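Both complexes below contain chain A, partnered by chain B and then by chain C.
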Partner chain A sequence: MTDNVSVVSFAQAPHVRETHGTTNGVEMLVPIFKEALDNVGLSKEDIGFWCSGSSDYLAGRAFSFIAAVDAIGAFPPIHESHVEADAAWALYEAWVKIRTGEVDTALVYGFGKSSAGQLRRVLAMQLDPYTVGPLWPDAVSIAGLQARFGLDAGLWTERDMAEVAARGRGGDPDELLRRPYFADPLRKHDCAPITDGAAVVILARDDRARDLTERPARITSIHHRVETPHLGARDLTTSPSTVAAAKAAGADGVTLAELHTPFSHQEILLRQALGLGDEVRVNPSGGPLSGNPMFAAGLARIGEAATRIRPGERALAHATSGPALQQNLVCVLEAD
Partner chain B sequence: MTQAPLSAPLDIGFDYTRSLGPTLSRFVTGLAQRRIHGARGTDGRVHVPPPEYDPVSGEPLTDLVEVAHTGTVTSWCRQPEPLAGQPLQRPFTWAFIRLDGADTPMLHAVDADDVHTGMRVRARWADTGGNGVRDIVCFGPEDSEPAVEPRAADDLTMLTTPIHLSYRHSASPEESRYLRGLADGKLLGQRCPACGKVYIPPRGACPTDGVPTEEEIELPDRGIVTTFCIVNVPFLGQRIKPPYVAAYILLDGADIPFLHLVLGCAADEVRMGMRVEAAWKPRDEWGTTLENIDHFRPTGEPDAPYDSYAGHL
Partner chain C sequence: MGKQRAAVLGVGQTHHRSKRLDVTMAGLCREAIDRALADAGLTFADIDAVVLGKAPDLFEGVMMPELMLADALGATGKPLLRVHTAGSVGGSTANVAASLVHGGEHSRVLAVAFEKQSESNAMWALSISVPFHMPVGAGAGGYFAPHVRSYIRRSGAPSHIGALVAVKDRRNGAKNQFAHLRQSDITLESVQASAMLWDPIRYDETCPSSDGACAIVLGDESAAQGRDAAWIHATAMRTEPTTFAGRDQVNPRAGRDAAAALWREAGIDDPLSQVDAAEIYVPFSWFEPMWLENLGFTEEGQGWKLTEAGETELGGRLPVNPSGGVLSSNPIGASGMLRFGEAAMQVMGRAGEHQVDGARIALGHAYGGGSQYFSMWVVGAEKP
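Let's look at the complex of A and B:
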């Protein structure tokens, strides 16, 4: 376990409100596999390990990720795995696989057609199925409860939230604040849009990375932590699991951060929890408020950070999973 | 002009029956009795609903504590357009409510127009018990919500939790051409531009090459049985009396078989390599589905030699 691993390529499908494509993502994946491989002059036979993140609940069918494997052209048979989580966790698995020395390269992909179902209701499937799920609390309402805790505690204001939204998706904060509530305290601009999409990241061990691209982004550390599923026992005004993951990953001194925050107040919450000051560029990509392809948006944060990192810079990429930032992954990247 | 891909509603559901274990049995039994229990955590905090394992230490929690029907709102979010399955089907407010006697809040609905942090609320109970947290319909303002006494109820060890989800399922562009072809009585496959294999249904990605199939090939409605099984076991929703044969049918000119029924002969007469043809339903029953073909039946032609289909098994 001594080899460093770098991000060498990133591609993502256009963020769209509703694709005509299938829930197995093939139509979104075929072109971006090609783009990501072409970026670094690789063919599918050069990839040592393939790992994906997606959800059957989003697709409404069992083993939906199996159909997605068609997009690879998996013959001769490939070395493949899948996580029922954002593909940032698939990247974690691929990172481990390369570090074991078993493979030199890995292609990680995530995809989701959120528009196929009622996303905020489908996400109730993440909750305790005995004592919470039977009430069908939806993802927007749970985020609203979290936002209220912070508003009541004076940790952020509705104007702070509107300013985050204006930065992520355009608009004027004053005008945004005049719009009606969607789920008081949230307005529509506080919630990430429903997005169909997919993302691909190619990883390579350092000795290969230099041959593949002039600008590899080295993963210096990656950690993830999870909090209790018991919502009431969590302090929802902060994110102890993100803080713990960032501490383990040695995330201090970053000047670029891509945060997987599908709600405006969560960007503020994470900036506060991680102690990110004004010197840190946060979500220069626009972040999830400009496009939130489920099960790909966390992976895309790593890809976006790797694409934007400047020589000598340290960047933090964050991914989340579960209700109200329950599980969090922090990846620290460096470029020479 | 290319038509938009076909799509259709896909509604799935299942009533999960969940065994409860010692901690949640007492919680659910208590609710049926109109009593609310929390669990005392290893740090002394009382959590409602009772977690089976401590949120911090992970220790099993079995020290249950009865708390009040009343409590205080600690956070709230309006739900102006309730979704299917939520506690109320008119505008309501989600809230975290710290019940008197508990240290951490529980999530539930409040039926009031002026919900605010610090508001005092009281549980409103369903007439029928035994549905776990749904035995509490919602919470109402403490002053106007009548107090309700506990009542007797038997011990519960199981809970039914219905899950119903609705989707719009889309066929791929290639599958849509195939399905529309079926509505016209045509069997449309496509050839992979890389390996030259003919797929029916055509595919958004050739599983060997990862590229969409392209050149359209109309295939005949006859071919061979590559492999088959005799269904002897009855199951829910079965439409044919066993024994009958489910077989892989390889149409002449295709490189991948599909699953269909072989009828028109005794089940034990079906064999690998047997020549079969489609038995179509009456034309006025056709739709965008392979069910337009009721089954395949033997043609009586000589069997195909094994070598001719060995590569398709």
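Let's look at the complex of A and C:
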């Protein structure tokens, strides 16, 4: 038996500003379950383990992931688990599950309907509820502070940020720089759009992967780390947790990187922290600045990297969680 | 590489109370963690990764609180994973931590689960009206009472069985220094005289609302070398949808499937004879006989006879919830991990006054949602 696990299928719902479906994700998930399973000729009964990522706070209700199980049609009962985090961490749990030898396939999914609330205020609920939360520092403002630290330290310029935004979502940097501030020094194009969406990845142990697809993307390693929640205790101009995760994962020599960076300066920050040179294609998918379905966008980075990796290439997929890149996951992929 | 052996090295829990206003969420978790680390004879420096579980974030009003708790959990600079599988989450969290060891990812993992219901209002959190679902509006008791009524009708159980369970569990809780409710003088008559809340469930047959936490230190074979440990013989998790035509909510298939997989992996073909102690998630008294059947300890319709004969008491054939169980302490997200941790304490001989003499094999069980999420493990004093 081999320990290697590969991504064999990836599907995602259209990135839209607002769906008319429920916050349980069912309407977004049903078609992409079918697409992801059809890609590899599997049915739901063939899946050994299911794992999802989502947030009750985003859905505005308790147990939103339970209703999402309706999208599976989970009877006979399934072997299943759920993380209250981006589904990239659900993929990690599923990857470990396959490596225990208990199962040989897993389906991972994430979903989020950000349009149901005011995302920047909802995310403020992640902060310390006794001393920080009551001040309501919202997610965009905290990211703005991070961008300002980097500008003041000379690590990036507003033009650098505009160029990232132009590449991610189109437009001319000169024109973008003439637009007003949204949360100084961030302009609207520096911030990922509010997006409803969902994503599905199917994993298989290598002895199955070859039968399922001609082009499996082998996961060589996944590592993740969290930093202190105290913003004042962190150096916000870099990302020690991403660097440590990348080092543990052996991310040297990658030539493709999908980075979960909801703000333009964070792409620059991670490029610098990870030492990604000009030879590395960063976010060829457009990245989160072109569509950022909460709790699915990190998983989608892994799916996008797996889809785009070329034979012989090594790729890095990154996912983040928490304020100002507090928690980070690095997944390294290879293709033969 | 294949599956690595995994064992429980230490268990810790808080004193469970309706309102732990003396501590923050961080302080509550830390109280359980410090006891678990001390029980394992380890420090934070020995821990490779942390897994945190709790029930809905709306119960405290903090979104993904593991993020703001990272320092208190000793997770800063390390991997931190958050699990949420409804009421079964405490058990699922222990199972996920076990899989990190089974899969060879880590040598020592800290699993933590908590609920601090006094920070918010669980009844409110559970009552938000959502589209396409019939609002229950009566809390968990109102949801489960019809299942109990159906069980009584189907099994022909006499009406005092639920009260017998309540008396046993509360008296067991009196032997547990950490229990929320410690009622050594409770009687069948006093339970039967308590107010009817959700017919046929009376006040004394209902779990309390508790603030509390539980922590478990797990390790691989080398970490467990030369020390007392509760070896994990099997884990299982199953899920089914909340509602569909023909669903058996009294004896759900997800629970039966999980139990069958569990016993198979543990090499147990006669659970009633081979299991020495069981910590089963019983938030309403009648769920003891219901889960005894669902878990395969008895045939369907026969579970209540085991309870009536006193076989689930301490000293009986299968002591169930010697700790006092969920009926004595219910910090929701931690309640499942308490079942798993108490099972480990039994086979490590560390259960104090509620120790089952000579316990070598024990079951930890949790369920959640509308009786649709199940997680369980079997631990033993010997290596599997």
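The rule is simple: the second predicted complex is superposed on the first by the 334 of 336 C-alpha atoms of A that agree within 3 Å, B and C clash if a C-alpha of one lies under 4 Å from a C-alpha of the other, contacts with A are read in each partner's own complex, and residues count from 1 in each chain.
The working rule: a residue touches a chain if its C-beta (ideal position, glycine included) is under 8 Å from a C-beta of that chain, and two chains touch if they have at least 3 such contacts.
Keep in mind that this is a model prediction, so the values were computed, not measured.
Chemist: Would you check which partner chain A:A297 touches, where first means chain B only, second means chain C only, and both and neither mean what they say?
Modeler: A:A297 sits against neither chain B nor chain C.
Chemist: Quick one: classify A:V30 as touching chain B (first), chain C (second), both or neither.
Modeler: The answer is first: A:V30 touches chain B but not chain C.
Chemist: On the A-aligned overlay, A:S141 touches which partner chain: chain B = first, chain C = second, or both, or neither?
Modeler: In the superposition, A:S141 touches chain B alone.
Chemist: Looking at A:F65 after the superposition, I want to know if it touches chain B, chain C, both of them or none. Which is it: first, second, both, neither?
Modeler: A:F65 sits against chain C, while chain B stays out of touch.
Chemist: Looking at A:D152 after the superposition, I want to know if it touches chain B, chain C, both of them or none. Which is it: first, second, both, neither?
Modeler: It touches chain B, and chain C stays clear.
Chemist: Just checking: does A:Y181 make contact with chain B only, chain C only, both, or neither of them? Give me first, second, both or neither.
Modeler: first
Chemist: Please work out whether A:H230 is in contact with chain B alone, chain C alone, both, or neither, and reply first, second, both or neither.
Modeler: both
Chemist: So in the superposed three-chain picture, is A:V122 touching just chain B, just chain C, both, or none of them (first/second/both/neither)?
Modeler: It touches chain B and chain C both.
Chemist: Of all the chain A residues, which ones make contact with chain B and with chain C?
Modeler: 22-23, 57, 60-61, 69-70, 72-75, 122, 125, 128-130, 132-133, 228, 230
Chemist: List the residues on chain A that touch chain B in their complex, please.
Modeler: Listed in rising order, the residues are 20-23, 26-27, 29-30, 33, 44, 57, 59-61, 69-75, 113, 115-118, 120-122, 125, 128-138, 141-142, 144-149, 152, 181, 183-186, 228, 230-234, 236.
Chemist: Sort out for me which residues of chain A touch chain C in the complex.
Modeler: 1, 3, 22-24, 50, 55-57, 60-63, 65-67, 69-70, 72-85, 89, 92-93, 96-97, 99-102, 122-123, 125-130, 132-133, 223-230, 241, 244, 321-323, 326-327
Chemist: Using the touch definition from the top, list the residues of chain B that touch chain A in their complex.
Modeler: 4-5, 10, 12, 16, 18, 20, 24, 27, 41, 45, 47-49, 51, 55-56, 74-80, 83-87, 94-96, 104-109, 117, 131-134, 159, 161, 163, 165-173, 175, 194, 203-212
Chemist: Give the list of chain C residues in touch with chain A in this complex.
Modeler: Chain C residues touching chain A: 1-3, 24-25, 55-65, 67-71, 75-86, 92, 95-96, 99-100, 102-105, 119, 125-126, 128, 130-133, 237-242, 244, 247, 252-254, 257-258, 369, 372-373.
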